[in-house]
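Chain lettering (A, B, C, D, E and F) follows the sequence in which the chains are written, and residue indices restart at 1 in each chain.
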Amino acid sequence: MKVREFADGCEVAQPLLVRDLDVRHRREGGEYLKLVLADRTGGVAAVVSDEIDRAREVCRPGEVIHVTGRYSRRQLTIESVRAAVSSEYSIDDLLDGPGRDVEQMEADLRALIGTVQNPHLRRLLAVMFGEGTPIWALYRDAPAAKHYHQAYRHGLLEHCLTVAQAVGAISATFPGIDRDIAVTGALLHDIGKLEAYEVQGGAISMSDHGRLHGEIALGYFRVRRAIELLDGFPPDLAQALLHIILSHHGSLEHGSPVVPCTREATLVHMIDNLGGRLGSFDRVEKELPAGEHWSVYDKGIGAGAYFASRSDEAEREAA
Amino acid sequence: MKVREFADGCEVAQPLLVRDLDVRHRREGGEYLKLVLADRTGGVAAVVSDEIDRAREVCRPGEVIHVTGRYSRRQLTIESVRAAVSSEYSIDDLLDGPGRDVEQMEADLRALIGTVQNPHLRRLLAVMFGEGTPIWALYRDAPAAKHYHQAYRHGLLEHCLTVAQAVGAISATFPGIDRDIAVTGALLHDIGKLEAYEVQGGAISMSDHGRLHGEIALGYFRVRRAIELLDGFPPDLAQALLHIILSHHGSLEHGSPVVPCTREATLVHMIDNLGGRLGSFDRVEKELPAGEHWSVYDKGIGAGAYFASRSDEAEREAA
Amino acid sequence: MKVREFADGCEVAQPLLVRDLDVRHRREGGEYLKLVLADRTGGVAAVVSDEIDRAREVCRPGEVIHVTGRYSRRQLTIESVRAAVSSEYSIDDLLDGPGRDVEQMEADLRALIGTVQNPHLRRLLAVMFGEGTPIWALYRDAPAAKHYHQAYRHGLLEHCLTVAQAVGAISATFPGIDRDIAVTGALLHDIGKLEAYEVQGGAISMSDHGRLHGEIALGYFRVRRAIELLDGFPPDLAQALLHIILSHHGSLEHGSPVVPCTREATLVHMIDNLGGRLGSFDRVEKELPAGEHWSVYDKGIGAGAYFASRSDEAEREAA
Amino acid sequence: MKVREFADGCEVAQPLLVRDLDVRHRREGGEYLKLVLADRTGGVAAVVSDEIDRAREVCRPGEVIHVTGRYSRRQLTIESVRAAVSSEYSIDDLLDGPGRDVEQMEADLRALIGTVQNPHLRRLLAVMFGEGTPIWALYRDAPAAKHYHQAYRHGLLEHCLTVAQAVGAISATFPGIDRDIAVTGALLHDIGKLEAYEVQGGAISMSDHGRLHGEIALGYFRVRRAIELLDGFPPDLAQALLHIILSHHGSLEHGSPVVPCTREATLVHMIDNLGGRLGSFDRVEKELPAGEHWSVYDKGIGAGAYFASRSDEAEREAA
Amino acid sequence: MKVREFADGCEVAQPLLVRDLDVRHRREGGEYLKLVLADRTGGVAAVVSDEIDRAREVCRPGEVIHVTGRYSRRQLTIESVRAAVSSEYSIDDLLDGPGRDVEQMEADLRALIGTVQNPHLRRLLAVMFGEGTPIWALYRDAPAAKHYHQAYRHGLLEHCLTVAQAVGAISATFPGIDRDIAVTGALLHDIGKLEAYEVQGGAISMSDHGRLHGEIALGYFRVRRAIELLDGFPPDLAQALLHIILSHHGSLEHGSPVVPCTREATLVHMIDNLGGRLGSFDRVEKELPAGEHWSVYDKGIGAGAYFASRSDEAEREAA
Amino acid sequence: MKVREFADGCEVAQPLLVRDLDVRHRREGGEYLKLVLADRTGGVAAVVSDEIDRAREVCRPGEVIHVTGRYSRRQLTIESVRAAVSSEYSIDDLLDGPGRDVEQMEADLRALIGTVQNPHLRRLLAVMFGEGTPIWALYRDAPAAKHYHQAYRHGLLEHCLTVAQAVGAISATFPGIDRDIAVTGALLHDIGKLEAYEVQGGAISMSDHGRLHGEIALGYFRVRRAIELLDGFPPDLAQALLHIILSHHGSLEHGSPVVPCTREATLVHMIDNLGGRLGSFDRVEKELPAGEHWSVYDKGIGAGAYFASRSDEAEREAA
């Protein structure tokens, strides 16, 4: 049974991935384990009350376990737990991930890069995203966030590619935009996240660097250094590109040290924002119980989200 | 000579349109006339110090006058002024307007409407934009704003069409969006401006209705009434569409009584915002003296705007 | 025993109304029921730990149950529960409600309406509040809010009447106020709440309409439509009245699409505010344990409230 | 001719009061005088360009001068000026002031004080407002503000009396309010303004004390000292009253060191606010040219004010 | 074992001070005791589940108890508890307190006062801090806060002394500062806290006076009264000093009714702020588990705090 | 005569430095020159109305001119102007500058650097501030701002030195501060200003880099690059130092992409703030006319500043 199909009262007996583990006090003394278990279709809270020392050794974040228990009121009460054997599951059914295939995304990325005309930007993109380069290996795998949107492997690629595609598509609709700069800026805007996040056993956390320097300064440094190592890169072009990275949060209070002063920086900032906001709708809808139309208040949306007709329900019916 | 070609020290003798007239005090007593004159390429401040009573009769907003004088430091000091005769000018060279031809825009609009599949929305769009309907006549001509972007005849059509085209183009990039609702919402989002603005002799001002009710409530009422007169319009569809109109300013503090709770409302709001912001770059660049790269602080952009290479200069060279 | 008289350690055995029911997890697995029980004098949290499946069928919101248990630390631990029989209680002792008798409020309302001189406003008030009209039937019964003040049957009538009476009383103190417009605006300002809230079995919730359109747009539409159906209603009068409805939240960030620009709109907004704030004092005092002077921080007041001498204690002593 | 009757193009020759004088540079060198002249019905900007040294000696703030000149575009260009002789004018026609007669206000104040029952508050009010006491003499004459509302002699009395009357009237409408405390608090809430403002020759300015200590701390100190000198004043009563003074600005960001935590403090704060806001409408309407319905944006109102029918026009027609 | 040395899994059997006691519900019915126990090195949460009625009598805030139990996940699960006998502990090991010895602080204070030259300020300081005066007795013992920094006996002295020392040290670095005024203002700035807080059995709470008047008004009144009783105190000096007290929160929204307008007030405000912020680092570091570098988000710091090398670890190693 | 001694009505005939030149329109047509002239003691507005073409060639920013004219109402009306000859003036009397001698500041800087113990930081400081290095040459001369504080040659050195001295002095007062990191951070915090400002002929403006990247990112890049070129610089130390630079504005809305998370970053931020605020007092006092105690509202102070006794007056008397 897929996690998103769990319904009140159903009995569960299957392999699931451990995303998070917490040892909690009972308020009145004693302890229990609080887990987040998941497959590709979603996550579920779970508790273990008995033999927690033994369970604790099994339920390490990033591991696959086999559990039996009862699901009710959005929580799984675990009756038995053991390590899963690899023949019991396919890891691809358990890991969350992008809606698109990673090979497809890479192909789309290379196609998009192929539309960039400016030779200097092409050189820079080759340095950053060239097949076999170390940066590309990191970029291809990194998550885009800790919580909000695309908080999974390949999430950064998915996010930046989507923003860059939308930026590319819309560049012609409005006058005066340098499409090459805008698309390159969109592909590179979040590159500081390579250093700002750490991924350990499927768990995503901010690095010390991420917290003390911030992803914007980290991305600025990396791209400015890469440009300095390219002979004859035009200073004006460098300036325009770095301005996109520095200003892409859109305002000081959102952490950009400068605000967007150019059309290209404005475009990347606003499409990045749009992508994040619509990504929050995706995340919220995924977690919404079947039959409900309103989510609870979501910080990423700034409201409860409303889904008139549920796309997942249509899908299920079709299935 | 086109207004945007005026340079320090040049002598001017030509017909220009009067956009605005103000009788001002000299600080130390006496009066002078402060004008805004314009042709299609831009506007210029001008002053008349002598025989102002006679000049005042000639320089009515909306009229075309013939002036001689000297341009310096962004101001035209008028030496003589008279009414222009119609053989001296072509009105199309003098009126500001959209970048696109109105017939072309109408054709684009009808093409876009043709892509809407939902029969109820098609019926509604026919009521609002059908050729020969009174609403269409108003909508085709109305300005989009008093000051900021597209503050000229056909401006509303230009703005809504651009937003709707961009919304249509981007709908496929992100999952879960009902394109028909989003495009229809984009076309109708600003329809309250028909009542909110008054155009008199080329001057645009807010109506009492616009100030006391606001364009959002006016648009909501108009569309909800139109829907009520259509038999069998699905209530859910009405709700979704009206929510776009009500929430398109994006937040309470920007005047929407509700915030966007659906993907479609989020999309229309954010592309509307993007269109307005990029439109401010267009407006600012138009007024920027040749050779300058930075504008003064602009409220619509939230910063001074920077233009690395000036598109107008490229154009001129090409010409 | 009345709920507000419950004291630490007392044994409870009596009928109470179920206001709210929630099935909760124990943190360490298993479930229990969390209830809000109430009589007219207040509400109390309660828990059921045993036989929760049976209890769950009995404890439906809106039903009256008979419980035994022990009250301590502001919570009732239920030992036994069954459906109450109607001979055991009088429903009027159990339902929360306005401080004033509904017949008295209706009489007061009709008296206040009788003081309005303007014939057009009198016609409008007859349409909205005429005895036997469907709107009046709804208006008379509707609650004024989900949580904050007057969140009970007849609450809307109580709130609007109070605001309108205060507005009427104070109109003469300040110069330049059109009392008829102000009083009519006060009576109608919240009429959008008829569609914005849904009442089901004593539970109040926001409707989809309320969330997607907002009470202000709903009220604006209803009153503007009603006016359009009245022959010869002066447009200026309509504009002034509708402006009160649209602006009564006082500022954009509180959800009004326009801010009050007239004396009458300013007056209704500020007395509405005052009424809400003082209503929060009433609500907070009702729930304050005997002997305490300070409430916890209350969002409606923006502070903890202080009650130097407690009116309820005086009452009890008098009783 | 009254100042509010000045119309474009009219010739002026009459006595007027000098409210303000400023020596200004012409931008291109040289000087001129900028005056604010006034009678009881309003103020008018005026300029003197010739013989300014002589004019400067005549046009001292607080003095009455006789001017001839021409009024146009809201400014009076003065052709000749001399000191007025006292037989030429009645000072009461020239000084701005409250809408009500000061003797009437004093009588209303004493009547209102007479309704206060609490003997301790009566003693305190006798100390502060007793006929012949030095505080009363100051209070009776002081202005309520420098610019906004009631910025004239007797303005403080007018403002506090109005607020206290409204508070008294409305105390019965809402439950749980101690009318004696609320009315006394309303009468005393602004008493710190006695030290915070200085009046010199008709010009109102803030004192050093007012700027360095603030009117709230000054009022708190004065009333707390007065209470300490009264034997047997109940500490709870003192606390409640002083809380009203300290919190009457309603929030920290408006300069109250504490926010209103009691019903009485909430009531005084909000009616004080209402009085100020409606007072701004009065001030704005007074200065609005005949025939106009919209004022410019007014900081005290937070919007442009709209006057559908102008009360002054009705008055004039009646005259 | 010291509290800060408690580590996961260790068994505890020792005397500890009760700082706080709360009787809590188990969510599913029944009660347990939630305690905060402490020694001088820190505090620890603890729970009692059995025989809570008996335990409740023993565990009164301010008392010393002897407990046995097991520490895990930052909580102590108590197995047995009894009153401690005085021979079992030294109270100085259990009470939290300043980092410096109180006698040393008093000596430092007197030394600092000795550097003040102005005779009037010396007289005032003698009244407030003279040995044997009642104010000094209170000041010496009072805490500086309820929660944030220096929330313990002698905390006010510690805080004010530190601020005054830093102010004194830095006065020479910047031009134009009157050191005597600045140092005296620093010593007196928080004196309103004497009335704003109540200490009962080791528990610190705000008094009614503190909540209804605020510490700033209380301090202002006390110092202004003290000055009035000194003959010949220069009014300008009084004004400058009282301005420091009134403005030391730095802005209206932080509760100062006036903002700092003088160099001395600016200096005291900003060093007070710095002291509070750095004090929050101290508090946060004290509670941070060994081996961790990041604290959770702290409201006093406005971020999570980062400790690269932990000073306590260095200390321990050195010990 | 020194500029700060200019008094109403005095005749001026002397050399002055041109700080700023603007060609302005007379409102009613024609042009005049608006100048800012200065000597070391302050600046003065001045106008030229006649022969402006000739005057314009003489009055270039950065040049010294000889003027005659009349000073009145804070403006100098120029009657004649010519280039000054070098024998007429000493440039040191005309240039604004720090209160301290630059050689003395350099000596103080080297002394302060000498107190830094950490060898890695010493190496870094040698690279940045070593005598004869190109960075030092720039740093020594750069201004600290365009307008607010220390907007003159050597201003950056003066500002950073003062902050670093104060940081050094206060490091011992509070526990847990690494003085070496704090002092080095204070010296380097504003180093991005080297690229963010351009100085041309005495006029200070922001560079394109300054506007598009911001001084914080520029400083971060420069220091991080410098560190990368030093062998064996400890990563933790680099991180701590760079965090100070990135966070020294103290909050996102003031342009820091991260907020201070360490004691050292908190200290540098707050002393930087204090230095800026007190520097605004210096600037305001300098421009305050003799005999006045209150400045107008100053954005850097957030209030009007009050100067009880004027230090300049004392100085003059002493002179």
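Rule of thumb we're sticking to: a contact is a pair of C-beta atoms (placed from the backbone, for glycine too) under 8 Å apart; a residue touches a chain by one contact, two chains touch by 3 or more.
Nothing here was measured: the structure is a model prediction, and the numbers come from that model.
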Legend entry - Chains touching both chain C and chain D: B, E
Inset, instruction - Answer with same or different: of all residue numbers used at the interface between chain B and chain F, are over half used by both copies? - result: different
Legend entry - chain B and chain C, separation of their C-alpha mean positions in angstrom: 45
Inset, instruction - State, to the nearest whole Å, the distance from the C-alpha centre of chain B to the C-alpha centre of chain E. - result: 60
Legend entry - Per-residue overlap in chain C, given as positions that touch at least 2 other chains: 24, 27, 30, 208, 211-212, 239-240, 243, 261, 304, 306
Inset, instruction - If two chains touch, include that pair; go through all of them. - result: A-B, A-C, A-E, A-F, B-C, B-D, B-F, C-D, C-E, D-E, D-F, E-F
Legend entry - Contacting residues of chain E [partner chain F, same complex]: 99, 162, 165-166, 169-170, 173-177, 236, 239-240, 251, 259-263, 266-267, 270-271, 273-275, 277-278, 281-282, 285, 301-308, 311
Inset, instruction - Would you mind writing out the residues of chain A in touch with chain F in their complex? - result: 208-209, 211-214, 216-217, 220-221, 224-225, 239-240, 242-243, 246, 252-258, 261
Legend entry - Residues of chain E defined as touching chain A within the complex: 24, 26-27, 30, 32, 34, 47-49, 72-73, 75, 77-78, 293-294, 304, 306
Legend entry - Residue numbers on chain A that touch chain E, as the complex places them: 23-25, 27-31, 208, 211-212
